Amino acid sequence: MIPGFMIMGYIFMFTALFGSILALIQRDLMKSVILIGLEGLAVAFLYQTLRAPDVGITQAILGAALLPGIFAITVYKTRREEE
Amino acid sequence: MNYENFFVPALLVAFPLISAICLNFIHGKDRAVKGFAFLSIIVVLLLPWITQYGVYWFGGHPTVENLEGTNIMLSKLNLAIVYNFGIIQKIFIALLALLASAAILVHFTERVSGVYTAMIMLGIASASAVIMADDVFNIFVFLEILTISQAALVIAVGSVRAYKTAIKYLILGGVAGSSILLGIAILLGRYGMLNVSDLHKVITVESQVGISHALIVACALIFIGWLFESGMVPFHIIKSDVYSKARPSVGAFMQTQTKFVLVALWVIILRLFYGISTFNALILGVSILSMVFGVIMALRQTEFTRLLAYVAVAQAGLVGVGLGIATEASVSASVFHAINDALAMAILFLSASIILQITKTMDLHKMGGLLWKSGLVPLWSMLGIFAVSCMPPFNTYQSEFRIISAASQAGYPELTVIIILTSIATFVALIKGFYSIYLKEGQDYLSAKEMDRTPYSDRTEYVMLLLLAICLAIGLFPQNILQYIQQFVSSIGVI
Amino acid sequence: MYEKFFEKIKQGEDIAGAFTGDYQMILLVSLGVLVLFRFFASTRFAMAAAFIALLVVLRALPLVFKVSKEHSDTFDSMLFYFALTIGLVIILLGGI
Amino acid sequence: MSLETLFQPMCFLTAAALVVVGLYAVIFMDNLLKKIIGVTLISDGVNLVLITGGFNKIVAIISPEMYEQGVKSTAFETLTEFPEFAAQAAFPLPSALVLTSIVISVSIFAIMLALAIRLYQHYNSMSCSVIFKEVDE
């Protein structure tokens, strides 16, 4: 019987990978910033399933909230569409 | 309080970090910044000389003995971060502090920027941590901080070209830093430890059976990080760009950092990966390429700081040649050359700083005729050119002569030809720059009569004189430093 | 070859530096081939190979302008050489 | 091979894929923001490699059987629940390393993005082919 946290882990891996690929193929930069936040969050939960909860919390704050925030400010200050 | 054990090596890293944080906070209050900067310069200059030699264990955890009933391979295991502080480290850190204080003092005039001084302090702290640390992850952390501080010093210039250089440097630095971290992750996953001495013992035991593929991949990844930090061949363009876009006095400081980090990081990767057969040949090839390309590009430049930057890159390549030959004589000669050449290049960068103050430009086509306008500076910079291109009474002659003789003894007679031609080409490039700045005639600003009133900083000239005196002293009595370097090289134990 | 240099003189470029750089390139290529073949093959073969390399280089003169064209500050070329190096280093060290 | 034993290799594969995608973005994407996103992906992937290496005692400082013996030796007799805990616990060193490296990388990205805004204000474009075009000023 496969433990539940491993199923969650597979889902998070899938989310991280496809979030990153989708973020790179977006033309709209705001969408790609949101997808980067999704990827950071998925990696944070993946840290949690890999028995490193402290790193998970830090990654959730820095990688999933602060970093997309700075990216969003950058997109807001520059242009939104990729030329 | 126990004063005997107060000046530990960790203070050499901790003090500049603390002072950088304080300077950041008091940015804007000019007099406070000035006083604090002056104080921290004095302390930073003094600290290497009063720190005790020896090994420093963070947290007071020295080593643990073999645990009963477990299968730990080592008889002794370091538990925390370890710093080594010997005579070579003392020389390196003292020179770094000297050039950093020169970089601060040259711009110590009306308004002193707190953040700018803080970044130079950060540079001292990170470079001295890389020089002393015996722990792979600590080195990664401080290499990243070094990248940030160098980029910040480039940003401080404030032009769009500087921003472009800085963002290129940061992106490449981020990728190269990640490459180092991936190499560390592979080492950690395979051996479960981070201390270089412990890893050295384990890898020595393991390599009697055979070199594993994981070790080779880790070597390749950390080697790429070494290439970036030392400005070897694919990164010589961005490294010279960074030197030339920063202020010339900061350029003098940054090339010193690069040369010392090159040597320190090389010692660590050699201790880890000496078993791989093509490792030394790879370092030798990369160094020859960066030496030759650096000097060729120096010949083609029309901007004086860029010319000096490419010469600095080429001299770093010369240091790498000695390290790649990897005999005891060649390695000690090239560690000696790293020290000498950092001093000699600093003279030229500081003269560029004076020229920038006078003419406000660095383009060689727009300069000329400064010979009788700038006091005795042409004489000092001519002596500096002699020092960089390895002329006899100076210190670089001693070290380059030793590199050449070590190369021919080690069975690379072809290398000697390339090294000699490189130093000739360096001389040609620098004389070309000297001619364009001081001797060429017919520029508009000479007739405008503004030149007579343009002041330049006396302090820079004094620092140049001090550096020249050190160069001459080392050149006349090379054995005084070389004996310590030979002890250091034989203490590495794998050459 | 003389004409190529003459064109560059007309464009106002510095020629003394270019000559020195060219000698450097010739020496680098021929001596580099010499060292490589001396270590991986016999000495006699190495001398022949170095001679051939010298001839090839002399036909392709002037090399300096090509080299300095590759050393541009554009980000693309930097990243290209970076990617090239990652591959080459792993191959040369004998992994994979 | 069940999904359970494949979990750790799959994590390694995800990390490798993140690094490869990031490298692709850094080398081939034209937009400056996408290049920076590529650097974040690379650093995420490398951190994931470190954490995954610490999971499940793949870190081989001690062989597992000898570890069990050591844990069951007389030194740990009083700690009754300790062997069970030690058999499940992750290696703690990578967590400490990753914390540091996350903080450093976020600070680097903040500087990069600030520079990107400045460059956009000057060139009015985020495209690398416009910004890094070689022009003699």
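So that you can tell them apart, the chains are marked A, B, C and D in the order they are listed, and the count of residues begins at 1 in each.
Throughout what follows, contacts are C-beta pairs under 8 Å (C-beta built on N, C-alpha and C of every residue); 3 or more make two chains touch, one makes a residue touch a chain.
Only a predicted model underlies this, so the values are computations on that prediction, with no experimental measurement involved.
Asks: Quick one: which chain's Cα centre is the longest way from chain C's?
Replies: It is A.
Asks: At what distance in angstrom does the C-alpha mean of chain D lie from that of chain B?
Replies: Those two chain centres are 29 Å apart.
Asks: Take the average of all CA coordinates in chain A, do the same for chain C, and state the distance between these two points in whole angstrom.
Replies: 45
Asks: Could you give the separation in Å between the centres of chain A and chain B, each centre being the mean of its C-alpha atoms?
Replies: Each chain reduced to its C-alpha mean, chain A and chain B end up 38 Å apart.
Asks: Mind pulling the chain C residues that touch 2 or more other chains?
Replies: 72-73, 75, 82
Asks: Quick check: what residues of chain A touch more than one other chain, meaning two or more?
Replies: none
Asks: In chain B, which residues are in touch with two or more of the other chains?
Replies: Where chain B meets two or more other chains at a single residue, that happens at 168, 175.
Asks: What graph shape do the protein chains here make by touch: line, ring, star, complete or other?
Replies: other
Asks: Between which chains is there touch?
Replies: So the chains that touch one another pair up as A-D, B-C, B-D, C-D.
Asks: Show me the residue ranges of chain D that touch chain B in the complex, using the header's touch definition.
Replies: 19, 23, 26, 32, 35-36, 39, 42-43, 46-47, 49-50, 53, 58-63, 66-67, 69-70, 73, 75, 91, 93-94, 97, 100-101, 104-105, 107-108, 111-112, 115-116, 118-119, 122, 131-132, 137
Asks: Tell me, which parts of chain A touch chain D in their complex?
Replies: 2-3, 6, 9-10, 13, 16-17, 20-21, 23-24, 29, 32, 36, 39-40, 43, 46-47, 50-52, 54-55, 58-59, 62-63, 66-67, 70-71, 73-75, 77-79, 82-83
Asks: Applying the document's contact rule, which stretches of chain D touch chain C when the two form their complex?
Replies: Contact set of chain D toward chain C: 23, 26-27, 128-129, 132-134.
Asks: Which residues of chain C touch chain D in the complex?
Replies: Residue positions touching the partner: 72-76, 79-80, 82-83.
Asks: In their shared complex, at which residues does chain D touch chain A?
Replies: Answer in residue numbers: 2-4, 7, 10-11, 14, 17-18, 21-22, 24-25, 29, 31, 33-34, 36-38, 40-41, 44, 47-48, 51-52, 54-55, 88-90, 94-95, 98-99, 102-103, 106, 109-110, 113, 116-117, 120, 125-127.
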